[in-house]
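So, here come the structures, one by one.
In the two complexes below, chain A is the common chain; its partner is chain B in one and chain C in the other.
Right after this comes the complex of A and B.
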């Protein structure tokens, strides 16, 4: 039983990790960032490349991936999303274009493959990212098998969630973000630099995606389209949790992850995912504002 | 003012007529049947663009799961055609049995459609091609009605509709893959027979099939165009612009939304059926998210609020894609270009090609009016 719960918990923590960045960009800024999965992918590739060329291990790759993804996110915000605030469906469409663009850049090795130049660690194939040995070997405590890497993910996710909560609810920056969430015009009228704060918020959310990418790289194959499935899961978690509610996102990631874990054992992976989608549809129909959402923006 | 509008409408009709003439005369210009088959597939995609424009442009409902209805239509009809294929008749039974069921069957189970694998009796009625054709339209309609009723009666709107439809198409895709013994899972239904209608066999690489697709496409475009100009179509547009105001004026907003959601699903289901005739397969990739979003891309590039714009957008994008996709690397590069085009269209041309055409028409009109008034 505890094993099942642990599998569910680790699924939940990954969902939460992906959704955390989205809950900020979508929840706080009303941007449906379909390129969020690609920011995760970029984080994963940063890990692979930094391991190959700079010999960085997991712990050094994490902050680097945060910076790289945050940088890409910042650029996307400045160039594209900035012009689309308030047009939520258009942000979805434009960032879908960004997602394809980023995917293809990695797949085509930034265009180098046209000149028959191959860069190790890029291209259409699978890449793998080795995790440190002491995190990859299971060990037993009191008859309970501990998977150190999964535990590491859970601990790190909790830490990042706490950090995000702290930033959003205990700093002046967070207060400004939450003011923008409720009413951007009023926030601007009160002297908040909406443009600047939005850009930083978006960069932070993107950076979290990068961290998620590094952690995913530890147990999933790194491929250019790995972000596609990731982004949908993230959205479902955020929408079910309630737009703009960090606690809602946490709870819905926990619930959906557990449902997925339990049904994957009772039936199979495919049916478990189908059940999760069914539950999500049902919850959105019943509570379109999510479990803990507030109305109006 | 009245004169202006009539000029704009004239131009609109001119575009429709030009499109019909080009589409119907295309086979006269070429005898490359392979190429014609490709164009017929793109016309089917055009219908999908039309279905998106109808629900997104006219009803303001962005359906990110249109592939669900396309896929259901395709699967329903492909089941009938699968039973008509010669391989299905050669499995050692006097009645047709799909080959993949024989591979999936437990040793010792009878080679009969009723009970070869669990659930295979669902295939029994599909021995009639007419049943498959009817189901390809009816099933999308029923599903769309149930889903649409749930969504619109509960007044779910905007981005939540997009998320629900997205989750739904993924859900059904997983169910189809999971039901491997009766759907052939990831591989989908391949090696199909040909459609036979009024004694004509529709070989996908013959003119008959092209004309079947082209004429259907033109008729549906006309019907959709008529539908949005009716009173119901106008009320629908009012619900898009301000649902609450329409509600206060006494209209049952949900009823109009459900109706057009169902129409759009029926078109997608029909398109799925035509696609199976032209492409000879049905697969779970029809229910991939990327395919459903591609439809939205076509409609957006063509012009989300113009039915013919969406059709042209779909045909255009797919034709260009096909012509540059001869080599693998250009195919990947083309995807990159599509990404850039799409960002560009959303940022700078939110009304797509049709919007540009309309602006151009208006500019011509103004110039025309100016010159006549000067003369006067």
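Right after this comes the complex of A and C.
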């Protein structure tokens, strides 16, 4: 039983990890960021490349991937998204374009392959990202097998969630972000630099995607299109939890992950996924604004 | 009026004649020194990583043949097209190669989906397609030459070997959810039953699924003593990594795989595959002069000193040679002549001798089993002394003495 719960918990942690960045970019800023999966992918590639060229291990790759993805996110926000605030459907199309662009850039090695230059670790192939040995050796405590890598993901996800909560609810930056969320014009009237704060917020959300990418690289194939499937899961969690509610995101990740885990063991993964989608549809019908959504903008 | 009708009649007859004429195939028509062929693999999209290597191996064989004097004195000129990992694009590009370029043969496809998409083009236009990948069988086309393994060539050696040498009897079959793993599982079950074993589980996950926690835990608690994996692509990596994550080792409960090649092992990290088994007719580890030289030439050709070679890649290479011999035997490069010429054609490939079966146009290959080591390469632990006959309908009871796919066509009464 504890094993089943653990599987559910680790599924939840991965859902939350992906949704956390989205809860910022989509939840707080109203940008349907279809490129979120690609920011995850860029995080994973940062880990692979930094391992190859800089000899960095998993722990050092985490902050680096955060910075790289945040940088890419910031650039995307400055160039494209800031012209599209309030035009939610347009952000969907524009970021989807960005997603395709980023994916193909990696696949074509930034276009270098046109000049016959090959970058090891880029290109269309599978990439391998090693995880430290002590995170892949199991040990037993009171008959319960501890899986260090999964546990590490769970702990880190909780830490990141706490950090995000702290930023959003206990700092002046967070207060400004939440003010912009409710009403950008009013916030601007109160002297908040909406432009600048939005850019930083978007970069932070993107950085979280990068961290998720590093952790996913530990058990998932690193390929240019690895982000595609991820983004759907992320939106499910955010929408069910309620747009703009960090607690809602946390709760919906926990619930959906456990449902997925339990039914995957009882039946199989395909049925479990169908059940998860069923639950999501039911919840959205019941509560169109999500579990903890509020009406905004 | 009469004149005009006469004119129309004549010109339409002429038109029809010139339309029918394309049996004069491009290369031979020039009568000169070039013979065009199509090379159709995905150079972009999700499958590009594997298909690019197949395309390269094909081009390398063509370059080698040209350097040695070509086919009947003609140089082979490859027309490269990109299937873009999309069956619909495959169909369009195949039509372009067959109808506009009028090539007599196309080499191409990695997935069954793309092969099925181009099949109508080749059957309707009576052209030839050379398909290099191991696949699920259940096909009997007069327009395709299949040079990869079919299920009996990967499994009829594997399952009895597992019983005999690993002493395992309870199988858990796991695969990606599409036609290849499901057909493989059918053949597995027939063989497990014949050998007096038991199937304790038969489960499938979505193609590309990367969350293996629940499945591995289920396998762990199923009471099986061996796992037979038909999982493909990126999922393989998640599967093996999760296996170790949950504390499983291949010496206690081994994964025996039909799709885990050197490519996937390199991607997951060799430490996750150490001790697991795989069955293919070709491994990079085959230690013969022919193969060592092949690996060296391939790496030089693609300008990558670490490039792995694998089964479908090797088939992409040797099938061009089989085709060359067929053209030489037939004396002309038309699809019908190539089909006649390829029957029974023999070639010494890097994996050993290969022969095209005259009935079903599949290829005799030598089954091999390897165990992966910590350097990502395999040790070959078992190999047949002779190539094994391909039986594309083995899941439906086809045997060497009772073939379903004959020269005369498919005997559907037996299915």
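General observations
Basically, the second predicted complex is superposed on the first by the 297 of 297 C-alpha atoms of A that agree within 3 Å, B and C clash if a C-alpha of one lies under 4 Å from a C-alpha of the other, contacts with A are read in each partner's own complex, and residues count from 1 in each chain.
As a working rule, a contact is a pair of C-beta atoms (placed from the backbone, for glycine too) under 8 Å apart; a residue touches a chain by one contact, two chains touch by 3 or more.
From a predicted model like this one, the values you see are computed outputs, not experimental measurements.
Of the two partner chains, chain B is the only one touched by A:92; chain C is not. In the superposition on chain A, contact is made by A:281 with chain B only, not with chain C.
In the superposed model, A:11 makes contact with chain C only, not with chain B. Judged by the touch definition given at the top, the superposed model places A:195 against neither chain B nor chain C. Of the two partner chains placed by superposition, only chain B is touched by A:84; chain C is not. Of the two partner chains placed by superposition, chain B and chain C are both touched by A:107. In the superposition on chain A, A:273 makes contact with both chain B and chain C. Residue contacts after overlaying the shared chain place A:57 against neither chain B nor chain C.
Residues 107, 124, 268, 270, 273 of chain A are contacted both by chain B in one complex and by chain C in the other. Chain A makes touch with chain C in their complex at residues 3-4, 7, 10-11, 14, 107, 118, 123-128, 130, 136, 138, 145, 147, 149-150, 216, 218-221, 223-226, 229, 260-261, 264-265, 268-270, 272-273.
Within the complex, the chain A residues that touch chain B are 32, 80, 83-84, 88-90, 92-94, 96-101, 103-105, 107-108, 113-114, 124, 228, 232, 235-236, 239, 268, 270-271, 273-274, 277-278, 280-281, 284-286, 288.
The touching residues of chain B, counted against chain A in their complex, run 62, 150-151, 154, 156-160, 162-164, 166-168, 170-171, 174-175, 177-178, 289-290, 293, 296-297, 300, 329, 332-333, 335-336, 338-343, 346-347, 350.
Residues 44, 46, 48-49, 52, 177, 203-206, 208-215, 217-218, 233-238, 241-242, 244-247, 263-264, 266-269, 303-304 of chain C touch chain A in their complex.
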